[in-house]
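Below, each structure is written out as structure tokens.
Look at the two complexes coming up: chain A is in both, with chain B in one and chain C in the other.
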Partner chain A sequence: MRLISVVAIVVIFGFIFVGILHLHPIGEPVGNPRILYERPPLGIDTQGVTIMDDYFLRNGQVETGSNNIVASIVFDYRGFDTLGEATVLFIVVSSISMLFFTFLKSKSIVSAGVPRARQFPRIESRIITFGAFLMYIMILSFGIYLVVHGHVSPGGGFQGGSVMASATALLLISFYITRHMQRTRKIFSFFESLGLTIFIGMGFAGIGISFLYNFLAHGTTVFGKIIPFGPNPGYLISAGILPWLSLAVGIEVFFGLSLILVTLFHASGVKNNL
Partner chain B sequence: MSAIILYITFVLLFTMGLFALIFKRNLIKIVIALNILDSGMNLFFITLGYRHNATAPIFTLLPWDTHITMVLPTPQALILTNIVIGFATTALMLGVAILTYRNNKTLDTRKLRGVEEL
Partner chain C sequence: MIYYFFLVISIALVITALLSIYFRDLLAAIVSYAVFSLVLTVLYFLLDAPDVAIAEAGIGAALTTCIFVIAIRMTRRREE
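And now, the complex of A and B:
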């Protein structure tokens, strides 16, 4: 049986190796490398477009108003895919809550009769707590910056939410312990559901044309600033529903991942409570 | 030509992950193997969209000249989704591992042969 597995892995290795030899050389992908040349400043222009990525690069900034083409793909062109991904995250958080249901139902996570210091042995030094709190504020600010500037600079809802969740992880490993797991779970799951609800609500707001249509762009509202093609300093209020979707995803990812972290951390540290 | 190292790294990561996935008995090591496989796939996708002497697909304060090129944006968007999904599934698998250890006092898959007969 072991021999068969080794042979199978070697065969798969060989297939992949032969397969990549037939790919395009690295650094010269399919598509038109001259796709950004001689682009008129406004309007949709499909001259020289050979593949999907060429269309996104040539029209993404003008069509969605977002300087970040990756964000325009994630939240506009492939917005339905992003909704599915947010739903996957929601389902994972629900599954973990379901797995640790009896643990989460207990009022206090500290087992009766055992001193708290023995259940969570840790150094509660003033330097660690203050330093961790300081770093918590700074990491949280950076995460909020990433979420809000998702359509202008590298970043977006998923990245910013993950950064903010890492701040929660810092608090957990340094000093913070939730005494009332039930209340924490309620708050976190409320905000997580709120993020997903905002996302779906923004999708249904443009239902007149299609689901997740970017109805705020194209110069009708304050978010519909007309952005000509080319480099610019970046306008925070632009890109239609992209900042709103980014904010919704950021809220959902932050609270969802934080709930996962808090649940797993407390569940792995407590004995005789499940 | 030295950029072929990216494809070789992908093949090594993928095969290592597959090998550990099949032959390791510890549940935590299986989770780590899936993560290695995941990283290999991410590297492969990013490598597919790479373009020589190109910038990131972001127009903010871009130093503009007439010969500007950009890397392909769609693989980056796909990887962005894959990273978060990978994190979430890893968390779910670790949660299952925690419960498995708590109920059976072992993480060895050879000893986890169904429910004991009552």
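And now, the complex of A and C:
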């Protein structure tokens, strides 16, 4: 048995090292190395494009109006995959809520025959609570910044939502909030569904051409600012439906992950006292 | 120069991963796993992937740690 595991580890590491040897240099495009040069400032240009990476690098900024090429791929070219990811997260949150439904079904379990003081061990430390409160504000601001600037700078809906959910984790662990749990879970599940509904609704809004078509970019006065190729200071009101999709994913991820944390925290308090 | 950074980060990754297996105190193992995620965040940042680094810092270092701490609260702290 030990020999088999040693052989398995050696084989796996061999595959990893072979993969490392075939990596291309950091910061270099995979295909044509001159793909970012000698390009007209507007319009789709496929000169010298051999593989798909070349097309994204050469046309992503002009076609979607987003400075962040990763966001233009995630929310525009591969928007349907992002919808799948958001749906997977929704299913995970739903299944966790179903799994702990029997724990959280009745309120009477929480306070059944247990003295109030023993229910939740509370940390009476002014330093921890005040520091957590300050950090909560800063982490939440950073998460909102990441969501709102998803199409301009690195970040996006998923990253910003997970950062904001870590603020919720900090608040739960440091403050031991135990009141209004049922109402909190109801509100969080409503907003999580709202985020996914906004995403699907934005997808259906461009159904005249195709599902998740970027109908706001190019031409409309609101979010259709025309961005020429090359560096620019970054415009917040640009990139068509990308900011809306980023906002929808941010709302869904924040409230979904927070719902997981709140449900688990509540269930752990119940289990401890049985 | 940057390859020395990669060497230090790789060694730190292996050490923290082994420590999180080695510890019998599960809270210490979780803290070591959080450090593992944080070092992995630096590695992603050096590899020119800042958005993956942010996601790793948010989920790997913060959310997973919180969920594991809640799981310890439901069970026992020490491993037999």
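Going forward, the second predicted complex is superposed on the first by the 233 of 274 C-alpha atoms of A that agree within 3 Å, B and C clash if a C-alpha of one lies under 4 Å from a C-alpha of the other, contacts with A are read in each partner's own complex, and residues count from 1 in each chain.
Rule of thumb we're sticking to: contacts are C-beta pairs under 8 Å (C-beta built on N, C-alpha and C of every residue); 3 or more make two chains touch, one makes a residue touch a chain.
What you are looking at is a predicted structure, and each value in this text was computed from that prediction instead of being measured.
Participant: A:20 in the overlay: touching chain B, chain C, both, or neither? Say first, second, both or neither.
Facilitator: The first partner, chain B, only.
Participant: With the two complexes superposed on chain A, say which partner A:265 touches: chain B (first), chain C (second), both, or neither.
Facilitator: Once the two structures are laid over each other on A, A:265 reaches chain C alone.
Participant: Touch test for A:9: chain B only (first), chain C only (second), both, or neither?
Facilitator: The first partner, chain B, only.
Participant: Is A:162 touching anything from chain B or chain C once the two structures are fitted on A? First, second, both or neither.
Facilitator: The answer is both, since A:162 touches chain B and chain C.
Participant: Scan A:257 for contacts with chain B and chain C and give back first, second, both or neither.
Facilitator: A:257: touches chain B and chain C.
Participant: Taking the superposition on A as described, I'd like to know which of chain B and chain C A:33 touches: first, second, both or neither.
Facilitator: A:33 sits against chain B, while chain C stays out of touch.
Participant: Looking at A:154, would you say it contacts chain B, chain C, both, or neither? Reply first, second, both or neither.
Facilitator: A:154 sits against chain B and chain C alike.
Participant: Tell me the contact category for A:70 with respect to chain B and chain C: first, second, both or neither.
Facilitator: The answer is both, since A:70 touches chain B and chain C.
Participant: Per the overlay, which chain contacts more chain A residues, chain B or chain C?
Facilitator: B
Participant: Just checking: does A:146 make contact with chain B only, chain C only, both, or neither of them? Give me first, second, both or neither.
Facilitator: It touches chain C, and chain B stays clear.
Participant: Using the superposition on A, tell me which residues of chain A are in contact with chain B and, in the other complex, with chain C.
Facilitator: After superposing on chain A, chain A residues 26-27, 70, 154, 156, 158-159, 162, 257, 260, 264, 267-268 contact both chain B and chain C.
Participant: Quick check: in the complex, which residue numbers of chain A touch chain C?
Facilitator: Against chain C, chain A makes touches at 26-27, 70, 146, 154-156, 158-159, 162-163, 165-166, 169-170, 172-173, 257, 260-261, 264-265, 267-268, 271-272.
Participant: Write out the stretch or stretches of chain C touching chain A in their complex.
Facilitator: 47-48, 50-51, 54-55, 57-59, 62-63, 65-67, 69-71, 73-74
Participant: Would you mind writing out the residues of chain A in touch with chain B in their complex?
Facilitator: Per the stated touch rule, the residues are 2, 5, 9, 12-13, 16-17, 20, 23, 25-29, 31, 33-37, 52-53, 56-57, 60-61, 67-70, 73-74, 78, 81-82, 85, 88-89, 92-93, 95-96, 99-100, 152-154, 156, 158-159, 162, 230-234, 253, 257, 260, 263-264, 267-268, 274.
Participant: Taking the touch rule as given, give the residues of chain B at its contact with chain A in the complex, in rising order.
Facilitator: Those in contact with chain A are residues 3-4, 6-7, 10-11, 14-15, 18-19, 22-23, 47-52, 56-64, 66, 68-70, 72-74, 76-77, 80-81, 83-85, 87-89, 91-92, 94-96, 98-99, 102.
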